[in-house]
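Several structures are given next for inspection.
Here come two complexes built around chain A, the first alongside chain B, the second alongside chain C.
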Partner chain A sequence: MSVFLECKKIKRTGFIPTFLSGGLLAAAIPVLNMAVRSENYVGLSDTPLQILLDANWQMMAMLNVLLIVAGACLMYHTEYADNAIQKMRTLPLKESQMFFGKVILLSAMFVVVLVIEATSLAFCSFHWFEVYNDFWLETGKTLGYSLLLTLPSVILSMLISSACKNMWVSLGIGVVCVFTATMVPVKNFILSIFPFAMPFQIFGGTDAERTLQFIYVALIEIVVIGIAELLFIKVRRSFE
Partner chain B sequence: MNIIETNNLTKTYADFTAVSGINLHIPKGTVYGFLGPNGAGKSTTMKMFLGLTQPTNGSFTIDGKKYPQNRVDILKEIGSFIEAPAFYGNLSGEENLEIVRKILGLPKSSVTEALELVGLTQHKKRLAKKYSLGMKQRLGLASALIGRPPILMLDEPTNGLDPVGIHEIRTLIRSLPEKFDCTVLVSSHLLSEIELMADNIGILNHGHLIFEGMLDILKQNIAAQGYPTDNLEDTFLALIDADNKQRGVVR
Partner chain C sequence: MSFLSLVGVELKKIKRSKIMLILLTATIILWLPSIFNADMNFGMQAEGISPENNFLIQGFLGMAWFMFPASMVVGTVLLSQTERSNNGIFKMLALPINTAKLCMAKFVVLLTLAASQILMTVGIYFISAAIVTQIQSYDFILSPLFVLKEAGLIYLFSIPMIAFFWVLSICIRTPIFSIGAGLAFIVPSVLMINTKIWFAYPMCYPFYVITSEYGKLATNLSTAQIDLIPWLPIAVVVVIICLAVSCFRFGQAERR
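Right after this comes the complex of A and B.
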């Protein structure tokens, strides 16, 4: 029910158009890249998907995370702008339910963005490369992995937004985190486990053991950040 | 029978005590006027009842349920309006109430009923952020009244309303215990306003409860102490002034 309510709350906020246009913008990157310099890529020996991701994913991932930060800010801005959150807190509804409802909705919108991006990657593969059997399986694995590795940044963005009454503060923190993450070397495991840096990882080309390590870390981060939010809700009530 | 009871309820912020060990007794099915100057601790007390802020000390029970163990159960019984109207500006008045309705699990007709009760039916499709202050106040009241909760907590509900609106809302509040069989806790800093609505009153000053009981008893006490009783405003001011002097507080 919380997710349903959150869907109602985002009406007229521009949340859905933002995600759709953001998804289209990210999806345009590989298409434009291939359109202007396909000769640099078509001769490479990797699978088409791997070539496309190596060439474009860093930029696409950065747009994705920025979209997540903006989405989280927007969702909590509707709560704080006219003090609606106070009304919600006086209703028989746990604040944590509202938080996780927003996390689920934001994750669902991110899935929509991933689907738009997958369509674009499929178009590029079919248009500039030869079609091969395992394309859809490889795409599914890659985007599933990206989704899982992006969830910690979804929940952390939401935690930051829930903590800041002023949307510009949470947006500023989020943007600083995203740009810090872009400076993290993708091959450095310790630095790459920063929640905002995880979405920059690519499934293909990473050995199985490292892939598993990233999956475990993502799951741990989701749980830890979720618990941190629960504690934060409790502690904040004592200081208000 | 008291529906709300507090026991030495206290709220302290760093070195400032907003509410100091108050013992309230709010009888069921009455309008209880919570009176005090600005900053007396009225809103803080109501916020504690609603779980918006945690008491530093003391405890309270609402309809026999203890806080914090039964927080959600307590909230199921309370309709509230605290300090200022709280709403989603991007949604219409009707959509705002629809969200509250869904959370409370009420029938669809309750939205229409609440809108009618506060006179907002005509403007239900308009975005809440485009409402005038009085309309926002009415929307806040509608979201408190929706579903006819057994307990209503209204913090200065007539703020921002025009004289006609004030009269309407006062009449509505006065009629609620009989109409909906509910208990109303209404705060104000105007004794004259509370007199028109409340059966019992509690007067707060600097976080201390300086009087609790029926208005007639207050008038008798005040007269016995030699303060004026002809004009309620003067009575209230004299009472607060005397308490301030006793505590050595300068306003």
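Right after this comes the complex of A and C.
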């Protein structure tokens, strides 16, 4: 119910076209990279998908995270801009329900973006490399991993935007967080569990044990940030 | 109303916006890793750059590549949204002021924000250089004139980029489009500085100028130098077109 409501709200905000064009832009990166300098990559020994991700994922992940930050800012901006949130609070709906509705919608849009990117990666693999059996399995695993590791940043950026009434404050904090994430070395585990740094991880980039650790950390972060939002709503209500 | 007092009014409007706090946090986060990884500055023999120069340039590279442009996008959001949120822009447009003048006053405020962020970066640079000097017992502090020259170069080269973000935020009414477009334009600048047509892409100017400064300081690196001829006319034309379009479009949607 809440998710459909959120869908209706974002209909005329340009949210969906932005995500589609952002996905297309991120999808264009590997294609352009291969078109311009394919000779650097074709001879490498890894699987095609791994080569493509190593070469392009940092930029693609950065676009994804920026897209998520901007999307989260917009979703709460529409509530705060004309005091729509006061009307939402008078409805027989929990405020947390609205929050999780928004999170689910943003995650769903992110899945769409990932699918667009997967199509482009598949195209690159088929066009410049040889086809092999496990390709679809590997793609599925990689994207599932990326999705799970990106969810903490989705829910955290939503928490930030729900906390700040002014869009530039939430966008500013989001941009600072993304900037911090870009400076985190990918190999450092402790620093890499910062929610905004996790999307930069690649499945298969580390050993299996590390991958499993990242999955657990991502799940823990999602739960912790979710509880933090619930507490935040309660506390804020008692002060307003 | 004179132009200066208009700028003063615009500065007053953003007084309580907490934007300075955000800019300051960004600059502090910029220098923290440099302090922690200060010993890496001594391992740059392959590039042939001295540790103190490397410390400065690495920090400035981080700033010019993402933090500074992204902060300017946040600044454009601030300037456009403070007035739209409570329809303050209607009151401003109802005053007997030339709208182009109003638009330019806001742009000057944006340039002020840019200047203050660069000055903050320089200030924090000296603090962190002093800290690193203490830790590593090696003099990391460069002459203030040299640091200000590098910072000034970034600032001058970023004006076309700021003008472009400004026109983006005025022409695109939907906030998410202008934010998304602004942020998306930053990401490819890494690719553009390696191409021959870098001068056609205003967003990579500050990053390009600092990369070329890096090449000058590092004796073994040969990064491309700046040719004034194709770049300067293009940059001037970009600024003029952006400002003309923004002055023309400013307030048009509200006046309809």
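As a convention for this text, the second predicted complex is superposed on the first by the 240 of 240 C-alpha atoms of A that agree within 3 Å, B and C clash if a C-alpha of one lies under 4 Å from a C-alpha of the other, contacts with A are read in each partner's own complex, and residues count from 1 in each chain.
Following the convention adopted for this analysis, a contact is a pair of C-beta atoms (placed from the backbone, for glycine too) under 8 Å apart; a residue touches a chain by one contact, two chains touch by 3 or more.
All figures in this text were calculated on a predicted structure; none of them were measured in a lab.
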item	value
Touching partner for A:T13 - first (chain B), second (chain C), both, neither	both
First, second, both or neither for A:K94, with chain B first and chain C second	first
Dominant toucher of chain A (residue count), chain B or chain C	C
Which of chain B and chain C A:L66 touches, first, second, both or neither	second
Contacts of A:S238 with chain B and chain C, given as first, second, both or neither	first
Contacts of A:A84 with chain B and chain C, given as first, second, both or neither	first
Shared contact residues on chain A - chain B and chain C	13, 81
Contacting residues of chain B [partner chain A, same complex]	47, 50-54, 72-73, 75-76, 78, 80, 82, 84-91, 95-96, 98-100, 102-104, 127-129, 143
Residue numbers on chain C that touch chain A, as the complex places them	17-19, 22, 25-26, 29-30, 33, 62, 66-67, 70-71, 73-75, 77-78, 81, 84-85, 174-177, 179-180, 183-184, 187, 190
Chain A residues within the chain B interface of the complex	1, 4-5, 8-9, 11-13, 78, 81-94, 237-238, 240
Residues of chain A defined as touching chain C within the complex	13-15, 17-18, 21-22, 25, 59, 62-63, 66-67, 70-71, 73-74, 77, 81, 166-169, 171-173, 175-176, 178-180, 182-183
